[in-house]
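Some structures to go through are shown next.
Both complexes shown next keep subunit A, but they swap its partner, so subunit B is in the first and subunit C is in the second.
Showing the complex of A and B:
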């Protein structure tokens, strides 16, 4: 216990600057509206953040390996529309695996283009953002997709039910976070993901199959998107074609807010989860405070910048650090 | 009442059709070009296009050139120029952007081709170049939603104490602003004691609206009614209330979607405004024909968007979008 000295504490805190920021905001919002910390509200926010969160888990792998994935938003729309459409055509038990297979195909295509043809991931996934959107619209004919018999299906369990008093989307989010966290931090595969993103050349000389690792990160991302699509579809049993539109930037913001470097090589699953929660609670907190909504856009930005600043300031040990 | 209206409508259309028949014999078919905003992006626009093509095909005096800008302003401007080149008799435009298309509209008008704006109007500085606007009146829609809400509260006997929230469309969109204004102006006139406690945007998005409603439910113990800028958002709010186990809230939306209609059938959702993309498309085509026939067409040629509630919904067919 002697280890609990001042320098140790600051060392620990320096690594967790984002946690400090998170705690500060929670405290601030709780002061502004006492109901902010109601268990119902907290569970509600985590539940609605779970969909974004599940997507962010997958993108964390892609970003750590030094690439980007801007296609996750429209890919999520695709998964949602496809599973809802197939639900009425072939039944939920077949629709779910079929949707996963189709979404993984999209992930494999991106992984192939980025990993094996070594195309720039920004261009590939930006292109896929609109290509997949087109695919979704073609599939649905532009119509909203709704399950015909909303009362008679068990499909709603993933999005609407609770287990042990906890909403299922939260359980899925936590379970995936734990599994992916172990995969990233405790397995050879995880170490290779860091190596590819940290120093690709060194990774090659160490005999790491870079292409395969990159390919796998996109498969993981697509798998997470499919899970998110399932949660989304199950939650509302119907969807617009644009349900995931714009989420790619929120996902990326959460991952970067969690401290993953856009250049690759750093980041953890746990910190991404914190990033997701910060975004979710900001949105909810501002609603509870009841700010004029045009102002909310600005305040959201201010809070994100504050969080990033607190994070880097804690790492560097000083608030003021001009580019030298 | 509704059937007589329909009959009258059929009669006038028939009359108009025979009149245009005479005209068409005089100088051939009318060539009408349309450039739409973004077909396929939502089911309203998809249904609109289908209905427009059907209506044009059904009218033997009309030859239609149907184009879609895919949401791209530059492409829409190019399409207007193409239509001018093709020397169509009239151009119908569903603006991708109320400001940016004005020069193209002006060009068409200079070339002697009347321009009809459909669905959402262009900015006011372009009005001089437009023959007529055909579309829904969003302010009236908002006002009617306020009346639906108020009437229901009066029936329930809570018109003197009810407290409501509003979930509006995407900030900055004319439709969103006008519907909110219509609602907010009309409500105190009909139900002065109903209190609108807060408005937040749901961005036309069901999921976003559900989140907003969740926050409202935490924040306010008493919510008697929700007005949503369209049914998609209204159903999102309804889902939030259901999940939180808050019963007895009166939901009123606008642009009755199939999901809203179903929720009304299920008794969860009180009412909405019936706006049919089929009527929208037919009205646009008819306005163009009337302009070409040199009829007296009002500049703001609104088509009717009636109130729909659980009480009268059997008079309306379920929306296909």
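Showing the complex of A and C:
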């Protein structure tokens, strides 16, 4: 008999907790403000979350394989600055592939250090955060980067235009989410990512090329960062050097909120999307009910800790930690 | 055994060797490249360097003890900012109006208490929920920063108290006030880690938590005390720094956690806990500050500093891995 015990409840809560929380949130805000579920408002929220979301998709792979990526924010600044600079020098059609190539090179470097040299990913990406920031400043000479002819370029289509009534950033986000979700859930590669994160040693003994898998997760992350940089650059057609500063931790917050364990081996693309949307809708909802912008930070803090706590509690079958 | 000793000596001496190399390099390179006439190794310059390393340095000392314990604290930058806001704002509170200059110690105490309380909250959550410290402090990094913004919006909080500025700018016995605080904290934390039961237990918990539990060490309170220490030190760092500058922006102190971690790792503290020393962290702090100052001195742009520090961090990690490789531990695949 499936009794309604505490442990059963927590099991259900942990499995679907993030969805339940999301539903409760939407319901609460919708009651508080009728405009909240307005289609324009919803599209606006998703659109403004898209850049963060695209980056979070890539970081999901890295986190599932048991590593961290703190360099995505500064890498995003890099790709934004590079594509804007090259736009005026070699034209948008060449600038975009060139920017993708350079960003992927950075991802490959991190992947090499973490995957093949097996260095600690926290410190490597921390170092890369600083190093890439230096690289960006060197590239731009410390100045803001602007496209000279903002009217006469088609470069703005990625960030500003709509297709079939949906803003392009949302389309990019959805498309990437679907493709990466299939890659993670339906292919041998995806299974290997889980295996490496779940138990690296066991994966190695099963003949899974651990180093190569980790390398690939960082390539995927860099690719997503390049997409985010493209969206950002195209939206504003000009940028500061620090446009992505601090995003790495917000991205990580979204991924964790989606239920991916920092120890690796768990998480899905879909849940990360939910995590991103929760962050976006919290921000929007709090503004709509008239609270200050900053309150969202405090609310995010509480939500992250509650979400992870519930997850951990369900896994060990008791609420409080057994630490003496 | 011989090899192990050599490796250990190499590791402990490495950071000091690095500092000497930096000094030599910048002194020599400065002769050819520097625009200023003053020598790099000038006494005033070195004193200033020590003073400038104090804000990050004091936080890095706390980060050392937390990392030895096997945890990490990403919220120090936000604690730093919130304590600074409390320090400067509390001096203007009407209830303290009659105190005159006695408001200074009261405000200091309030700021330090704020930091300690925020650290304690982190520690309590880590202890009671069993959620990884990385996630808990990642969350509170956002949350505490939110509190800073809620306090005064995006306005800077300013209050210059000249008695306090004089105190912060004083140079008792040649060293700046901030330097004395840095040295004092280093000494106290060294004593705490090497001469007390708490220190020994902190190492034991970081090295092998299961074993520590089996030895009936109470893991939770020790972790919480360490989070309180780093909270206290982040507040102390803020108190020392903002006594002089007198104005805090709500974004101040962001990325301090990353600088502090960089200094700690440069000093050779093990990321997974159980090994490390505050003296080496002190070396790491000095090395970073030397690098920033030295690169500026020979005319390199500030952007180069970020690049160089990032690359050095990765290089140190690689060397550390090579030195630590012992056949039995490492599964070479």
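Definition applied: the second predicted complex is superposed on the first by the 281 of 324 C-alpha atoms of A that agree within 3 Å, B and C clash if a C-alpha of one lies under 4 Å from a C-alpha of the other, contacts with A are read in each partner's own complex, and residues count from 1 in each chain.
Note that a residue touches a chain if its C-beta (ideal position, glycine included) is under 8 Å from a C-beta of that chain, and two chains touch if they have at least 3 such contacts.
Since this is a predicted model, take the numbers as computed values, not measurements.
**Q** Report for A:113: first if it touches subunit B alone, second if subunit C alone, otherwise both or neither.
**A** second
**Q** When the two structures are overlaid on chain A, which partner does A:142 contact: first (subunit B), second (subunit C), both, or neither?
**A** both
**Q** In the three-chain superposition, say which chain, subunit B or subunit C, touches more residues of subunit A.
**A** Touching more residues of subunit A than the other partner does is C.
**Q** According to the stated criteria, A:210 is in contact with first (subunit B), second (subunit C), both, or neither; which is it?
**A** In the superposition, A:210 touches subunit C alone.
**Q** Output check: A:236 vs subunit B and subunit C. Expected answer is one of first, second, both, neither. What do you get?
**A** A:236: touches subunit B, not subunit C.
**Q** Classify the contacts of A:300 with the two partner chains as first (subunit B alone), second (subunit C alone), both, or neither.
**A** second
**Q** Considering only touches as defined above, state whether A:33 meets subunit B (first), subunit C (second), both or neither.
**A** Only subunit B; A:33 stays clear of subunit C.
**Q** Just subunit B (first), just subunit C (second), both, or neither: which does A:320 touch?
**A** A:320 contacts subunit C only, not subunit B.
**Q** Scan A:185 for contacts with subunit B and subunit C and give back first, second, both or neither.
**A** Neither: A:185 stays clear of subunit B and subunit C.
**Q** Subunit A residues touched by both subunit B and subunit C?
**A** 137, 142, 293-294
**Q** If you look only at subunit A, which of its residues touch subunit B in the complex?
**A** 33, 35, 38, 40-41, 44-45, 48, 137, 141-144, 146, 150, 160, 232, 235-236, 238-243, 283-284, 287-288, 290, 293-294
**Q** Which subunit C residues qualify as touching subunit A in the complex?
**A** Spelled out, the residues of subunit C in touch with subunit A are 74, 125, 127-132, 134-136, 138-147, 149-150, 153, 213, 218-220, 223, 254, 258, 261-262, 265, 271, 301-314, 317-318, 321, 331, 333.
**Q** Which residues, counting only subunit B, touch subunit A once they are in their complex?
**A** So the residues of subunit B touching subunit A come out as 39-43, 45-46, 171, 198-201, 205-207, 210-212, 214-216, 218-219, 232, 235-236, 239, 243-244, 257-259, 262, 320-321.
**Q** Can you check the complex and tell me which residues of subunit A touch subunit C?
**A** 113, 117-120, 122-124, 126-138, 142, 201, 204, 210, 246, 249-250, 252-253, 256, 262-263, 292-298, 300-302, 304-305, 308-309, 312-313, 316, 320-324
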